[in-house]
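What follows is subunit A paired twice: with subunit B in the first complex and subunit C in the second.
And now, the complex of A and B:
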């Protein structure tokens, strides 16, 4: 396809869904010529990014993530926000369970003119998912979306990744906490900025209240971090539309406090630095695999490594030597 | 320190603990001159590696990992094996909870002449932990250890990492599975080659039996993978020394089957390829940060990225351009 980057940029900046969708497809492409164009587009749009509120949402399968996002997303839209929902699903070659693969799970959001839903592309490595998601956020922001929800499936590695790119990380939990609390991965709870106990309705309401208390207790024993605000535990029922307003209000007031205290800027500048390091890695690898003779050499060495006749360490050294770059020459 | 690599290598190959310990310290060092020596040592010892049985062990805090490793490790030693125990603990800057920091947790193993325990070094990134652990395995194998246990704390990201470097991944679970099973991260269970229900004694014995059944059921609904053997669920009591022999026998027979069917070699060759890719990344970054003028440039760009005046994508491009390597020139 021939791509007119200028036209694409104008369409996206004008808030055209088609422009945004095409731009996202471009940054997700793995063809080298598309990558070069994607980098041009991203560089040009970068100054127009950063204006949104970035919110990560995670929770185990069955916790009701999509129901929550559907109900909560509508709140955002009613308040006049423009909402983008992105999914992170670093599906292993084994599990092909993808989230948000089916937009019908969020049928009301999917048809709303101010809501943009993007499923997770499949077949990417964890690094590939990180790069693609950061770039999606940038494009959605440039297109004028001011609330961005990033949904991830409850596997530890993707949660670390999401917490590295959002302002606020919400951890959804089922109301049957009591016994389960000891099963919660401490490492994951530490990433949370807010815990939301779901399904707080009917026969589960009492259990939900208990779960809130249990979580508050558990969080009480965790270390304070002055760069972050205290973690709050909320409960809600997407079914009965209860608790959603309280969560929205809390999110808004936290955003204001994060901004005014300078914590938001501090967190984001750390995230930009992490992005730079991983982007540097990605671009070096891109380049390596684009150059025909280098790629051939890498493939030859890879074969020897796979066969076990050459150590990975030495093979890497040989590639580095073949680059002939300027390092160490002055 | 001055390091005589040849002498270090001889000492290690002769099975001297002091030689192995010094070699491990060398590969864990982040000083560039040590890194160069470490690479020489690793390259030279590579042909002498690969002869061990590599076993990963994970489980949530409280599941009894160290008690299990202490009891199970003694079994290995009684059977005449030489055992190395390594820990992976990618402790976030937030949680400083390190595992194996205290050898006294495994006091009987720690003093056994045929057992070598290495705690996790702190302050490494996840990538740094992966590199260091692969290299530790290589050194322990060259030093004659034929069983290597790699313990990791129950956070998703480190589990993926461990499963990428072992032959067999054991997932320890508490006997109170029933309700908890839905809380298990599907992604983590998918990495397991064997599930072991711990603390199957006294009042918990019945619950443990039920947990075995529940896990078998859950695994039944997961996809088969012809590259791997069926996942078996076992139970044991480290306290009453029950079930350990059965697990040992199963491990040994699985190892034989994996070897004879060619699955072991296939898994390991995939792991070698992954190692090569990440080592290539690591070495490129090492080189970049070693060269004074490149490093200065990277630091300058990093400042701009942190301030938000330069996009991470563009900053990475500028670094790449400054390398002046041969890529794309023919």
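And now, the complex of A and C:
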């Protein structure tokens, strides 16, 4: 496939759906020559990015993320915003294939002319997701989308990665999950800017109220962070259409306050720094591994590490030593 | 001595010794096979197998009805030959019905088009490709009157397959009868009205489960009071089997649905004996001959047991009566005359099982609607069994068979076990809301497909004993555009002539009744009298109830685990991997269901199969328009769109899809089409720009490889 970067760029900037879609494909591609082109495109578009609100949404499977986004996204569209939804779906480690069914749950957003939805397969490396998602946000911004929702399945470390690239990180929780707050959930709560208890309807409404109280209590014991606004716990029912507008209003006022207080800019500058560090790591690694004998050596050492005949630290030192650099010495 | 050959079959050792000689090196337990239900089938059954079977040695017409609901069964009156049919306009279908009745058919069974099922008038923009296609288009009582022209409704038993738009359609039927001079109490027949299975398999629902259950209750209530000869519901397992369920799942979920309807009617304040005698059932009869006979025997026995706690006084309340239809899934496009033989075998299983009425499929139904010729053969299959053989002369001829009695008992136990799971989940409505039954059926479907594709399950002419010889026969083709124009003309005419004030008033009363607790059928009868359309009545209810949106869940890795013919599978997987390496990403395909066709088994099987081979698969929502599919395809930058068509919309919708892709500058997206597509439409589709067409029975790995080839061709050109 030959790619005309100039044409792609102007198509994207002209707000062509297909231009943005093709650009997203390009940054997601695993081919090295595509990467080079992607970097050119991103470099050129970088000054046109940053003009959106970036909102991360996560929660366990079944918590109702898509239903929430469908209802929530409509508010943005009604206010005349252009909305992009980036969803990350897991790939199968066995076949490398995936089923990307999310759009099926956002019927109304999917057909809206001002909404762009793109589910992406997670691929196989977690780091890869983060790198591409950051770049995808940038492309959507350059294409004129001013509200960007990033949806991930709440498993593994993806929450940490997503919280590092958004302005507001929303964590969706089921009503009956309140009593398990102690363990892992606490780690997630430290990342969240807003907790939303979903499915607060019918017989679950009472449980949802309890869950709100439980979360507030748990948050109470966390240290204040002056760079962030207080974490709020909300509840809603997409079924009974309750609580959604309140969450939307709260989000809007939080974003406004973040902007006015300068906290948003501070957060983004920190994120840019993190992005740089991880880009540097990734690009250095990519570059080094272009050397075939080094790559072979790394593969050989990996096998030994897996077999347990070599310690990971020792293996890393051997790689660095093979470059002629000193590692772990004065 | 009269019984001098009795060897005492409880001791099998002498038989086993002989069997071992026949088997040679093969161990004897190889003779025990496992069915899709997970039941062991031995090579030999003896008197020892009959111990501990409760329902053994009962009598037909008496509880628990294992041997049949009537004492004399077919010895006095054979089952009703009831062929399901409908297509095009009401005029066309009416002509077809009258021909069939003259040729020996005894009851009518109406197939409606998908626009009608989903409560849309023929001029609605979402249904352009669906009008008149998989059934007859009915927009108002005027169409209904034409449908039954010269067919006396006080004499003719009419079955209507309708679940979504059940309120306006049954109301139109009542008014059509009224205007023929037939009072509701004289109308006989059945309305399917089984909405629960729609959420599991067939997807022709309109409203969410709770208001839909209320509609079912309203219909049961109305018919209990006004239509004593009419079956208010036909609780259907048929579509579950068609979607891939095995007999135990079909049995369990169907009876489970039945119990929910009983509860809904009781909640309306009805007494069990007021409605339970009018509940009827509908099962599929597939190629597992013994199992299907056992299924009907087990169904009657189990229903009797399940109804007991409701304490019916009327014996008919716990007597399961059923309609059966031979399996459409078992029919093949390849070597299609084989379908006549398949249908005959299935028909016999239905008859030995003791069905009350039967539909036999036409041999061409794997590709199209039946022609006059194929419909005659299908009907004659039943007439020959009834008239030429001695099959009807004995009640429950399999009764007392060591094997059949044991199988009946085992199947019933397995179904009861699944039913207990359902009850533990809070009943069928709750289980359906959680999506559990649907996933269970889809998993069974993916397994079945993998067994067929890899040759473990043999289908003659498809994966064994293939023939090169082509079969030429005429296929019924409906000109969808013409039908739509005719329907629109009639709609415009009705809208002009009717009394606007009366119409407005009746629709408002219906909406108000929906908000409170008026009987919706009774209110809709007034609307239909005032010449409201099916779409207008459905819209009034939509305003109150909203629409159901199905979450699309899918199983994964099931196909791969069941697929035993590794070479094909691995070859396809390698081809996908090679392409992914070259392209920098996995090949990506959107599986689209266009139009109102909700049969998504094929789409789901393809989705999970393709994902297992390494495709990134986007599953489009049900009922997508070509415009919506193109938007999704472009945003997701897919390499291909796979259109799954089971209901004849392909000739309108596929060309439109390709045209829209062209308009968007996305002609490099390959469009492939799969499903029920007659051979003579292939040329048309290729000519319209389709890159590949997959008929029924195409193995998933083959479809995947051909899709990849199509993608590559597109990318080059």
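Criterion: the second predicted complex is superposed on the first by the 267 of 330 C-alpha atoms of A that agree within 3 Å, B and C clash if a C-alpha of one lies under 4 Å from a C-alpha of the other, contacts with A are read in each partner's own complex, and residues count from 1 in each chain.
Methods note: a contact is a pair of C-beta atoms (placed from the backbone, for glycine too) under 8 Å apart; a residue touches a chain by one contact, two chains touch by 3 or more.
Note that the structure is a prediction, hence the values are computed from the model and not measured.
S.K.: Between subunit B (first) and subunit C (second), which does A:316 come into contact with in this model arrangement: first, second, both, or neither?
M.R.: The answer is first: A:316 touches subunit B but not subunit C.
S.K.: Mind telling me which of the two, subunit B or subunit C, contacts the most residues of subunit A?
M.R.: Between subunit B and subunit C, B touches the greater number of residues in subunit A.
S.K.: One more residue to check, A:110. First (subunit B), second (subunit C), both or neither?
M.R.: Touch partner of A:110: subunit C, not subunit B.
S.K.: Once the shared chain is lined up, is A:142 touching subunit B (first), subunit C (second), both, or neither of them?
M.R.: Neither partner.
S.K.: For A:8, using the defined touch cut-off, is the partner it touches subunit B, subunit C, both, or neither? Pick first, second, both or neither.
M.R.: Once the two structures are laid over each other on A, A:8 reaches no partner at all.
S.K.: Please indicate which partner A:192 is in contact with in the superposed arrangement: first for subunit B, second for subunit C, both, or neither.
M.R.: Neither partner.
S.K.: For A:172, decide between first (touching subunit B), second (touching subunit C), both and neither.
M.R.: Once the two structures are laid over each other on A, A:172 reaches no partner at all.
S.K.: Going by the contact rule set out at the top, does A:18 touch subunit B (first), subunit C (second), both, or neither?
M.R.: The second partner, subunit C, only.
S.K.: Can you list the residues of subunit A that meet both subunit B and subunit C?
M.R.: 92, 94-95, 97
S.K.: For subunit A, which residues count as touching subunit C in their complex?
M.R.: Touching subunit C from subunit A are residues 1, 17-18, 21-22, 24-25, 28-31, 34, 66, 91-92, 94-101, 103-105, 107, 110-111, 116-119, 121.
S.K.: In their shared complex, at which residues does subunit B touch subunit A?
M.R.: 39, 42-43, 46, 50, 60-62, 92, 94-95, 97, 134-135, 153-157, 159-160, 174, 176, 179-180, 182-188, 190, 223, 225, 268-270, 272-273, 275-277, 279-285, 287-288, 290-294, 301-302, 305-308, 311-317, 319-320, 322-330
S.K.: In their complex, what parts of subunit C are in touch with subunit A?
M.R.: 549, 551-554, 556-557, 560, 573, 576-577, 580, 583-586, 607-608, 610-621, 628, 631-632, 634-637, 664-666, 715
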